[in-house]
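Letters are used for the chains, namely A, B, C and D, taken in the order the chains are written, and counting of residues starts over at 1 for each.
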Amino acid sequence: MMPPGNQGESETGRLEAFSDGVLAVIITIMALELKAPVEGTFRSLRERLPALLIYILSFTLIGIWWNNHHHLLRAARRVTAGVMWANLHLLFWLSLIPVLTEWIGEHYQEHAPAATYGFVCVGAAAAFTILVRAIIRADGSTSPVAAAIGRDDKGRISLVIYAAATALAFVSPYISYALFVVVAVIWFVPDRRFTNL
Amino acid sequence: MMPPGNQGESETGRLEAFSDGVLAVIITIMALELKAPVEGTFRSLRERLPALLIYILSFTLIGIWWNNHHHLLRAARRVTAGVMWANLHLLFWLSLIPVLTEWIGEHYQEHAPAATYGFVCVGAAAAFTILVRAIIRADGSTSPVAAAIGRDDKGRISLVIYAAATALAFVSPYISYALFVVVAVIWFVPDRRFTNL
Amino acid sequence: MMPPGNQGESETGRLEAFSDGVLAVIITIMALELKAPVEGTFRSLRERLPALLIYILSFTLIGIWWNNHHHLLRAARRVTAGVMWANLHLLFWLSLIPVLTEWIGEHYQEHAPAATYGFVCVGAAAAFTILVRAIIRADGSTSPVAAAIGRDDKGRISLVIYAAATALAFVSPYISYALFVVVAVIWFVPDRRFTNL
Amino acid sequence: MMPPGNQGESETGRLEAFSDGVLAVIITIMALELKAPVEGTFRSLRERLPALLIYILSFTLIGIWWNNHHHLLRAARRVTAGVMWANLHLLFWLSLIPVLTEWIGEHYQEHAPAATYGFVCVGAAAAFTILVRAIIRADGSTSPVAAAIGRDDKGRISLVIYAAATALAFVSPYISYALFVVVAVIWFVPDRRFTNL
């Protein structure tokens, strides 16, 4: 009854809305886990500085995910069962970021929180790749996503960096933090592949 | 003034948006209740493993509810008072999942949390059936929902399994957990009844 | 550039979306404040029963507000500054419900929590009336809201009952709880004034 | 395939939806950080009064940001990478408001929380200005935003007041609170520049 284009719009619409809702809550709930300093002093605020820095990192990474997700779903046309589950799978990994952000904020000198954070980022990066493939499978080989994504170099590079960050956390967590920042810088400029669609 | 189809779209639109909002918060808030490990060690992380596993289960079940809800409301055309309340009734049961997930995460060897979780799933499954009927009543016998849903075998089967999980929690909570996983597997492939609409 | 009707749709659209977001978070966050029972036993669950009952009441009342708000904004055509602030004013009062629900859940035999809850409901009811007037002022005397709302008997009656519940909390909080249930029953059937628009 | 106007609508649509989601969670989560009074008495409620007053202030300021953001994005036509990041940057500063609101609520007589709150407001005001410029750059000099915003006196004035509030918190935090209220009053009447678009 509705024209196909409109149907497609509506099809991806609710998936985007739900994902946006989840990402909006994730990004805001991290701020909630930034506990208020115990004392009303700058000294007490300074003790929260590592937690604030890791919060800024996580906020940026979630922002990047949202950004890429936004561009990916704009280029998608059909929502199949596979796309839905691939999307939920991505949201699952991202939903673990706030509690890990809190964990690192409290134990930023330790190996385990940094390594776990890296592992979850590997999971999210892999889930994003799976989502891209699910969308291409749903839309067919003429999909604008298939045409645009090409070899997905950025995705592969960041997956490698996240894996390195996970392993190198056992040498020093600070190496991991530096690598997370590198990924943030790489993705900061959003994907030209999709922007021009 | 607007064409009737558009009107219908707008009618279910806000109901979907509100439901999506609630479900997005529910699914994300469970992650918040995953407390950060006390120590910065893998040993401390491992102590959170049961809580993580039940979180994955709840995340999957809420994902299934969202998925089915999504397909159901896409097929719905009219929002009456009955539909609204039936929808809120479903959301009520689902809103209890996060606190029960936290409870099981802390007491997974006990009978009471598993049985209560099963009972709330029975409530949600019954509420979903009521919502389906409310939509069919609102749309009339020519409703695509009525045509598509047929005998709702999956819904009936999962209601029975949830009831069994509730009862068998008194034998062993692990039987209940296994049955919840069975329901997840049954629903994992989304409902073909609606997908082709 | 867009047709006026569409413009109006878009105009109320984001106000609805923001309000839905706030109400969705309010209704879900109350569930988060339902603390998990301390022990893994039914005895421990039973201690949470008063908190659960007041949660059900608050969930129902917020559901009623959302319902009426939904119907009101569907009938609204223009969003002025006055409408926006009247809407935020309503959301402000409703945003206090979760913390009061938690307070009553812990001190349900006391006067103060019940009286404060009643007072906040009076505030929300007054804010809803102000919002109705702001919308009529924005849309003009030919507004469907103006035509539909007539004398707003239900709104007046519930305002009176909330005020009574506030005062009678000092006699017994249980009288207040009974009166809140009466309001819920009155509003349960959504407003016929708007439903037929 | 879609007409350009519609495309633009859809382009800003998801940015608005995500921002609304974040702002809705921010505004509601502040209410969650309003802790329930310890005792079930009015005396215990009165101890929460400073926290309630700062909550009302933050609620009003976030409401103003949402309001201005709403009008700004209605006037925007294109979403570029720069616009997206400028928007996330604004949301970052606003996401710090809830934890600072909690901090002030507990230490309202101290200098540090009031100064930090002022500093974050400066950051948010600067971020809003950057967002305005990013939108004008994206839309070109014929942008309705460029035409409407003129010299942005209100934005400049509030930036100055926020900076003053940050500095004067070291004299007395109460001066800061008074200045925050002044900003709220200035912005309370929404921006006529955009309202008439």
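As a convention for this text, contacts are C-beta pairs under 8 Å (C-beta built on N, C-alpha and C of every residue); 3 or more make two chains touch, one makes a residue touch a chain.
Nothing here was measured: the structure is a model prediction, and the numbers come from that model.
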item: Centroid comparison with chain B (C-alpha atoms), farthest chain; value: D
item: Chain copies touching (chain A, chain B) - same or different residues, decided at half shared; value: different
item: C-alpha-based rotation, chain C on chain D, 0 to 180 degrees, nearest 5; value: 90
item: Centre distance in Å when chain A and chain D are each reduced to the mean of their C-alpha atoms; value: 25
item: Euclidean distance of C-alpha centroids - chain A vs chain C, Å; value: 35
item: Touching two or more other chains - residue numbers and ranges from chain D; value: 17, 21, 24-25, 29, 32
item: Complex contacts: residues of chain A adjacent to chain B; value: 1-2, 10, 14, 17-18, 21-22, 24-26, 29, 32-33, 80-81, 84-85, 88, 91-92, 95-96, 98-100, 102-103, 106-107, 109-113, 116
item: Footprint of chain C on chain D - complex, ascending; value: 5, 9, 16-17, 20-21, 23-25, 27-32, 34-37, 39-42, 44-45, 56, 59, 63, 66-67, 70, 74, 188-190, 195
